[in-house]
Amino acid sequence: MSLDFKPGAFDFFRDETFRESFTYRNSNPLRFPFPFDRDDYMYSVNMEPHVPGRKGTAFEHILDVDEHYVAEMIDRAKVLADDPLRCQSLPHMTLAGWDLLELIMEAKARDYPQWFSLTKNGNRWHWVNRPLGIEQSFTFLDESTLPYGPFEYITRQTQGDFSLQDERDNDLWMDAGMITSQADWSLDFDIGMSFMEWHAPVPLAHEKGVFDRALKFLLKLQHGAPVRRFNWTMTVNPLLDTAPETYPKWGPTKTTLTQENLGAKQHLRVELQSLYRLPRSNAIAFDIRCYLCSFEQIVTVPKWARRLHRVVRDLPDELAAYKGFLRNRPAMVEWLSKYDDGAPTSPGWWPDD
Amino acid sequence: MLTPVTPTIRSRPVYAPLEPRPGRLHLMVADGEGADALIELLAKANNRSEILSSAHVIYAPGPNGTDRSDVLKALGLRQFFRAPTIPALLPRLVRVLADAHMGTQFYLAGTEGLIGQAEREIMATGFPMGAIQKEHRGSTVRRVQCVHCKGITENVATDPFKCSHCGLNLFVRDHYSRRIAAFQGVNIDAEDPGQVPEPVVRFK
Amino acid sequence: MSGGAKLRVRVDSVTPVNDLIKRFRFVALDGSDLPAFSGGAHTVVEMDDHGTRRLNPYSLMSSPADRSAYEISVRRDDQGRGGSLFMHRHVTPGMEMTLSYPVNLFPLDTRARKHLMIAGGIGITPFLAQIAQLDQFGGRFELHYAARSRVLGAYMDRLTAAHPSQVHCYFDEENQAIDLSRLLATQPIGTHLYVCGPKGMINWVLSSAEAMGWPRLALHHEEFLAPGTGLPFEVQLAASGKTITVGTTQSLLEAMEAAGVDAPYLCRGGACGQCETNVHKCDGKILHRDHWLSPEEHAANAKIMPCVSRFEGKTLVIDR
């Protein structure tokens, strides 16, 4: 696989960037998974079954392949070329990597047959990824037949960050990860940590018992019954790779916001997190899929405009600081207030028809 | 006395006084004031002579110069080894682990740098981390990894400090990686280059 | 959903292994591959025993690499509540049955330098799948397997043929016993121990290992409890507003299900924690029989595991 995929091979995939020129856009903002189902926000476990949902939304299939697919994969390849430590798998996690490869290939071939195909003859598998121009014959469970380990191979072709949790001693240990579109956390530092350890820096939620409940829930997660939840943060510019490693590069952009450029530059960053029990390894795959939408695109939906203003305005300082936008909150609230007429909003996150 | 740790976030290691446990080999790794923790451990044991006759102590002076090797040597241990520094101590530990058996008890005592690096070698054998006893004694200087360049600076005393590898000004988090055996250092003036607060001595 | 995702299967074959044990082979009803699983996993088999619904957990013993079928072995328990008797007497090739998706409460720690396995009797079944997994992906192991007699040593032939230097067999009838203290003293650091068998054997192995300085975190065991029998008792279900009576050979979980109350479960053997239920009022004594709650939780009587635990006394009100 090289860096010169051709986004033009299918009209569907946008030719766009997540760096320098920042040409990323959503063709249809209504497709964006807006994460707030009410006018305020507090950490909660908020898990629900991860089942296919409404047609034409990010929930239609369990693995959403959208118009940004090819551009995101080009961006990931660039991140890995700069810093290979963004993808790591501890030695005992290879089998879990195969589990994930099987899950992703089967789902994509089933849900997007126009772009992906998987044919099996016993353990001899043939995989075609047309958008990325990849064709690969390999032996399932034999690492020597793939150009990368199974985990890296498949996550170089799949939107979303992934981590694999090994279950031991009534805990989940994050022992592998492909992390290139993260909300400011370091895989290289956190790999090998327990569930509580890698969530340690999150404020307020531990005291409320959120992670104790989440861990208890996930330890009982069953194969065949995946779950999902939302998380969110804020990013200046549509930058996927907000890693602590490169913070000195992107941190200064937080000081560039003005009332004139805020609508275009400030993005709501949503993580649609889905969790799967893997069959052969008994590990849990954690898919952290990042969606970005500029404030000016969000406010085209009146309900979302009102609600985003209220959430950002009323969020506790600790959370705004943890999410890295405390310094810009006043400017964001000022900008958003112009789109909030104070009218009540309907429950749930779907836009009003 | 055990060095107290102010509870902060859940990735920050916590420590407890060493307790005698049954075992066929008692492997004790310590630096500096950690020697006192071993002495108190032996004083607590009702089978002191049995533990002494199956104890192997691997010791280095602390980063502050504290060296109790004479006291340890006088205990009558089955085996005692003094290394001048932690890096010089680790190959000995790895060699001992290579043919150790289950039924070995591990006791780590001293600075967090010593504890973390010894723990990492023991965990590499597949031995459960939760069964390794650890007591923090003496200096609180930290081993810190720069999250940007990945270089590790030993014996960090001030916050913020300058990364000894890339030169960035880093603040010291309580977030700790067992795999790296280090705390995390993050650039403090990334958003406002040049605005670095005056360093304060936080770790002694 | 109670019990999680389900699999519809057909009984492909029933094979007597010895006087007490039969092996059952299941294939997917629609002929497709069954889900892959990890060594040590179990499935819950649903039985319709002439109107009584029975759900029993059994370890999967077939190779995890083989998705064409699942195999379990069932030891007949003439004194039990009837699940194993139903399997032995009434389950025949061609029958359609429902299984739960595999769940693993007894996995290998794949970081271990070596796996030391100790099996007693029918406790051999999870090890068969684990050994098949280690065969495929590598991993050092040693199995010590005790049975009452040569005749009752199920699968010893195939194990010793495939792994002559790793498998060691012992027979009570011939006064052979595992030399546990020698075994526990000679394992390389980083070894994990796994034991599955009768309660007495599990206790013997775990307490010996702990006394010799093995950390609890390196010791793994699996013991499914049969719900057991007892005196009938009455329970008020606060959330559904029902009062039910639990019969002598019925579990509280089964009685709730029979009353149409949807209660969560996975293992039905007191091990997984899924059915944990809050107790609103307890005027009497809860007979805790699970491995899930801590001794403190047992003493507090604020929680009950309806899959195995019972009650004696005046009033029990639970949150279902």
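Letters A, B and C name the chains as they come in the text, with residue numbers starting at 1 for each one.
One rule holds for everything that comes next: a contact is a pair of C-beta atoms (placed from the backbone, for glycine too) under 8 Å apart; a residue touches a chain by one contact, two chains touch by 3 or more.
Note that this is a predicted model, so its numbers are computed, not measured.
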{"item": "Label of the chain whose CA centroid is most distant from the centroid of chain C", "value": "B"}
{"item": "Chain closest to the middle [Cα centroid of all protein chains]", "value": "A"}
{"item": "Whole-Å gap between the CA centroids of chain B and chain C", "value": "42"}
{"item": "Rounded Å distance, chain A centre to chain B centre (Cα mean)", "value": "37"}
{"item": "Multi-partner residues of chain C (each touching 2 or more other chains)", "value": "109, 111, 217"}
{"item": "Overlap residues in chain B, where contacts from two or more other chains coincide", "value": "128, 130"}
{"item": "Junction residues of chain A - those touching two or more other chains", "value": "169"}
{"item": "Chain C to chain B touching residues, read off their complex", "value": "109, 111-113, 184-192, 210-218"}
{"item": "Residues of chain A touching chain C in the complex", "value": "92, 95, 99, 141, 166-169, 216, 219-220, 222-225, 279-282"}
{"item": "Of chain A, residues touching chain B in the complex", "value": "85, 169, 186, 188-193, 196-201, 206, 244-248, 251-252, 254-255, 327"}
{"item": "Residues of chain B that touch chain C when the two form their complex", "value": "21-24, 97, 99-105, 125-128, 130-131"}
{"item": "Residues of chain B defined as touching chain A within the complex", "value": "9-12, 128, 130, 145, 147-148, 150, 168, 173, 175-180, 184, 186-187, 190-193"}
